[in-house]
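Listed below are the structures to be examined.
Next come two complexes built around chain A: one with chain B, the other with chain C.
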Partner chain A sequence: MHSGGIWGFILRRTLLGLLVLAIVSILVFAATQALPGDPARAILGRSATPQSLAALRAKLNLGQPVLQQYWNWVTGLLHGDLGNSLANQEPVSTYLRPLLINSAFLVFLSGIISIPLAIAIGVWGAVRRDKAFDVGSSLITMLLAAVPEFVVGIILVVLFATVVVQWLPAVTQVPPGGRPWDDMTGMVLPTATLVIAVTPYVARIMRASMIEVLESDYVEMARLKGLQENTVILRHALPNALGPTFQVIALNLAYLAGGVIIVEYVFNYPGIGGALVGGVTNRDLPVVQALAMLVAAFYVALNLMADIATILVTPRMRTTL
Partner chain B sequence: MVDTPRELPENLDSFSLSRRELLMGAGAVVLGGSLAACGSSSSSSSSTGASGTPKKGGNFRLAVTGGGAKDIMDGQTIITKPDQARLMTAFETLVVYDTNYVLHPHLAEEVTQNKPDQWTIVLKNGIEFSNGKTLTADDVVYSLNRIINSKNGLFGAAGFASLKPSGIKKLNATTVQLNLTYADAGIGQQLGQYYNGIVPEGYEAFPKPQHGTGGYILKSFTPGQQSVHTRNPNYWQSGKPYFDQVTITDFADATAQVNALQAGQADAMTDLPFGEVNVIKGHPGLAVLVSKTGGWLPLCMAIDMPPFTDNRVREAFRLMVDRQQMVEQVLSGYGTVANDLYSPFDPSYDHSLPQRQQDIEKAKSLLKQAGQEGMTVDLHTTNGAAGMVDSANVFATQAKAAGVTVNVHNDPNYYGDQYLKLAFSVDFWGTRNYLPQVANGSIPTAPYNETHWPPKSGPGSNFLSLYSQALQQLEVSKQTPIIHEMQSLEYNYGGYIIPFFNDLVDAYSTKVQGFEPSKGTLNLTYFGNGYTTIWFA
Partner chain C sequence: MSVVSDVAITPEPESVRSTRRSGSVLRDALSLWRTRIGLVLMIALVLVASFGPFFAPYSPADFAGPPFTAPNSAAHLGTDYLGQDVLSRFLWGGREILVMAALATAFGLVFGTIIGMLAAYSRNWLDEVLMRAMDVILAFPQIMLALVAIATVGPKAWLIVLAVGLTTLPRVARVTRGAAQPIVERDFVAAAEALGVPRIRILGRELLPNIMSPLMVEMSLRLTYSIGLIAGLAFLGFATSSNGANWGTMINQNRIAVQAQPWGVIMPVLAIALLTVGTGLVGDGISRAAAGIDRGRSTG
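So, the complex of A and B:
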């Protein structure tokens, strides 16, 4: 394997990713501009009198031509300045930072629980194919995959927070200045909701992939060589089964970033989902742009990592780099 | 996100007796005397059995929907409901309304209209802002100037159209005189609007320091999330407030609010969805607060735009409505049938005008006479307040019976450039008495005149002159006949279809005492009268 190979690959993909981000920024900008109404009207709503509108418009510098606004934003971004929120005139970075940390923690927590759990369920189901565990877990994963996230969330709240028992909080309260890990009981139900949303898909793909690998020649060869079953599964079958799964894992992690918004509504979790919806409603371009770029960057990075991971576990692919 | 249901940033005012008697608070019927001095009981005249002696302490947690990144804290303006909730923690007005919609002196000792175009305000002694500064006439002068300055774009400016900076005069440390540019009997009511708070000289909105005369001091505030307010030890009403702290949290979703209440993470919430009323009632530690207010959701016909230029069409439309069905379908029964007239609590409201009933046959015949049989019309609405979209849809269904096709348009950008320029639209208003409501919506200079009333010629064209006359009367008894005439014109020729007055429905934990149904615009008994008349049992 040429070391230039994989690093060259990463470089090429990173540049491509930056191009994607640039296109996303233009699209988001155009889309927000296409929305009817201007930020001043959106913010003031019905209380917009001609005077209050004029006062706010002046304050927000809305008179500039559109391309000028976009250019200002791009140059600001390259200097690390995301501009100021139109809704509350705070710097976007200050406003979004705590929300981002909250959302990222939720995604992180959900990810490190759901992915290993899903892999374990998928592998075990494949190894013990058509036995009790497999049949049971297949049924449950299919059921959970069919239920929408917010329904899962609400059911969890009813079961554990309000009606059946009151062991856990129904809403997650992160006081301003606080962090979500200060009160982990508040993280349980939102995380559980996301884990339940994501695990079924990854588990089923893992199982299918594992079944296929377990039927392959080299696994049969490993068994014939007399290797222990555990070694066969973990050292020979699993790495090969994981390859195709990485793409799905990446897709589901990316889905988590979006699924967060539903969970935020159900649990009143202070994250970026509400900020994005509010930003669009207020025509708060700096906030919307910042969040769009963030989510797009997250997708791009995830895809890149999934591809790298796939290559790493599939030595054959490294030679084609 | 769109505005939350029943977000009603409207003012509320009421006058039940002669202005002079009431505001002087001396020798006035029932209310004035006992309330001129602040007592330990609430400022409500109807302080019906608040159970037990108020206990001190606790952190009162309020869940409100409607906020977001654009949350503000300003003693003299609001945009959303959380803004209202926060304003009420720290700022007070010269006079206040009680749960019966009656005005009482509060920060002022008296507020008197000496002449049709002159008012005098006398402050109480010894009231301090939370930073220790004494409330004086200078602060009142600054407060009024800030409100009427059009550059500030504050909510209360329209109500003080008759007051110019040169007319605000300090007579001595506790007295301010207002010399108006024209006779205006509505000033006293404007001074009672919750968003016309009295602020210290030099005051500016958040993020500058927030010092008011109210019960709590702002400790921290993150717009879109949460604010914390701590007890003001300097509060002028001794013994109050009772809570150590008030925490106001923004919620994006009503279901999450209800869950928080049920899980014991909140003590009260605003705007309980009608579908959840039984859930709350079934819960042992929770209660529902239903307030029959004067809030209304009119269907507005612009009288100068076709097809509504013909009064027969307007009358036909008013006759097509099945008002009781509207109350049931739009409000789930939480409302009262109305008669196309606003300000039900105004002492001069004309109750003798016959209640309109649905009359499809007459509607059809009127439309035929006007040559508008089987007409089609566009009706614009939005998710501005709970019921706005439902009203439009229910009306469209009812109109079919008269052969009228109504195309409902739900515009997300409703309060944009087309607002107030549409022939047929839905809007929302809070409780307000007659003259201030006219100032806000029924004259050419009003900021929200959806119907473009009054007409320039024909019946109703004398409305403006009647209004001036009414403003010049110092006694309610002299105003009443004029207002009756004005209402009769609106009843017969106006552009509003007002099917009902909506209730405000809130929910709270039974650990909190002191909530009472209220006729005014604000939820939860004016947020517990600034969180000073509620306590933990």
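So, the complex of A and C:
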């Protein structure tokens, strides 16, 4: 790697993250420009009248040069002004804020369950490699990781909310002005679906990273010195497994941010996933663009933090900077 | 070391280092029961999807009774939300998903492999530029990019294939690059270079055969995810036709009455679950075989 120490590394990674976001913003903006023919007509479809077309063109600033349009959009984004929703005329930020909080709560709840669970399964499987627990958990996680989230969700609905038993609500019902956590029974199935979807995948990566650590030279060395296995794992293996653990936590959250889109739709959960699907159906581009940028920023930030944290806790890597 | 790298359900990183030819890895994989079960599931579902329509008692949009009728002698699995025959729609419903998922996987695999090999082989600015470009695509969850594309152009089949293929591409490129990097340093590559073998032949004849086993693992893994993604998009209402016979669409259409008439949901759910489990098992079998060969070589 280049010189510059830890701060140089952090600076370089941050700049790279910002560069990725800038390119992403161009791509997301280009989505409006890519509409075949007149974007306003494409959005309004057959219901277009000359008046509504003119109004929409004005709203999308279609009269201005492309660069000017991009600049307006990006500066608006940076100021938290995401434009107005084409479907309900509300400012996108006002519309999305409560939904974002709801989604964040669902991701948080699924995260605090799935992260420790995935780490525990992965580490235990690696330490007891090829023993009964490892063989069993590897098989189950592999099978569960293959099944798409929405299929897991529907199976849970069939099992616990409709056909087999009716213990839990099949959809998250939120009265107007209420919050999904007012009635926690409605949270159970969406959270369980996300946990079942993300845990196996992350546990497998945790296991693989942990095996790599356990097979590494310094652990071998500690064993050869005659140290007790517990000491080897706690004093030598675990600190070096911290880096991979940060990566796994970030991966877990990133997966949840993607998974939440379709799982919210399954349970009619009032969050950004539902808003995104609605936005795509109605071709409400300001909403879609805002959510795409938001998720991309979340991804890039997660990536960045995980990489920095990994470098900070891994002595071996710090010295190669 | 980036987060979204998705080494995913491949269990052992060492599988990446396999240098054995693909044939022996496949043979070893076939001796594992999980690969065999996976293959049986895969073949069964592919057969249902390909030849099912020939056995369907009704055409998928035919009226077979009142909506959500329970199974009876006219409709063996009952009817759906419009009174169409569930069995017929189930038999028709796999084609679109399978064809689109296969095309998207092929697209991602071919271009991902080319980009990954080029990046590993060039070892210069090109490597950096290619992999940073991949980072841009990796800044979205796979489904997000597909949804942005659909919001722009509409749920066209070519667009969904392209979007899913495009999001598969960087994930394949990363694995390919990782697997190809140690090979590029090997003597036979230097020998070929010294002999003046053209670059494209070095990539195709020297590099590619040596990274076949991680690529085969990637193929089944990416196929698994593409099936889930394309079925998921159909479930969200983004299939090529709003009333097309498609397992994903069927689940969404019939889930409101799942309690009264569960078959319209259970059949497509089972089909997607068994198909993805099948491709997942095959991938796991291949990756185990590749890792096992490696371990055998390093100890003996």
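Methods note: the second predicted complex is superposed on the first by the 238 of 321 C-alpha atoms of A that agree within 3 Å, B and C clash if a C-alpha of one lies under 4 Å from a C-alpha of the other, contacts with A are read in each partner's own complex, and residues count from 1 in each chain.
In the analysis below, a residue touches a chain if its C-beta (ideal position, glycine included) is under 8 Å from a C-beta of that chain, and two chains touch if they have at least 3 such contacts.
Source: prediction; values computed, not measured.
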item	value
First, second, both or neither for A:226, with chain B first and chain C second	neither
Partner chain in contact with A:28 - chain B first, chain C second, else both or neither	second
Partner chain(s) touched by A:148 [first = chain B, second = chain C, both, neither]	second
Touched partner set for A:65, first chain B, second chain C, both or neither	neither
First (chain B), second (chain C), both or neither touched by A:292	second
Partner chain in contact with A:212 - chain B first, chain C second, else both or neither	second
Chain B versus chain C as contact partner of A:307, first or second or both or neither	second
Partner chain in contact with A:138 - chain B first, chain C second, else both or neither	second
More chain A residues in contact [chain B versus chain C]	C
First (chain B), second (chain C), both or neither touched by A:80	neither
Set of chain A residues, in rising order, touched by both chain B and chain C	35-36, 154, 157, 162-163, 170, 265, 277, 279, 281, 284
In the complex with chain A, residue positions of chain B that touch it	1-3, 9, 68-72, 77-80, 150-155, 157-158, 220-226, 228, 249, 251-253, 255-257, 259-260, 262-266, 384, 412-413, 415-417, 419, 447-448
Complex contacts: residues of chain A adjacent to chain B	35-37, 41-49, 51-56, 85, 87-88, 90, 95, 154, 157, 161-163, 166, 169-171, 173, 175-177, 264-268, 270, 274-275, 277-279, 281-282, 284, 287
In the complex, chain C residues that touch chain A	1-4, 7-13, 34, 132, 135-136, 138-144, 147-153, 224, 227-229, 231-232, 235-238, 251, 255, 258-259, 262, 265-266, 269, 272-273, 276-277, 279-281, 284
Contact set on chain A toward chain C in their complex	16, 19-21, 23-24, 27-28, 31-32, 34-36, 138-139, 142-143, 145-151, 154-155, 157-158, 162-163, 170, 201, 204-205, 207-208, 211-212, 247, 250-251, 254-255, 257-259, 261-262, 265, 276-277, 279-281, 283-285, 288-289, 291-292, 295-296, 299-300, 302-303, 306-307, 310
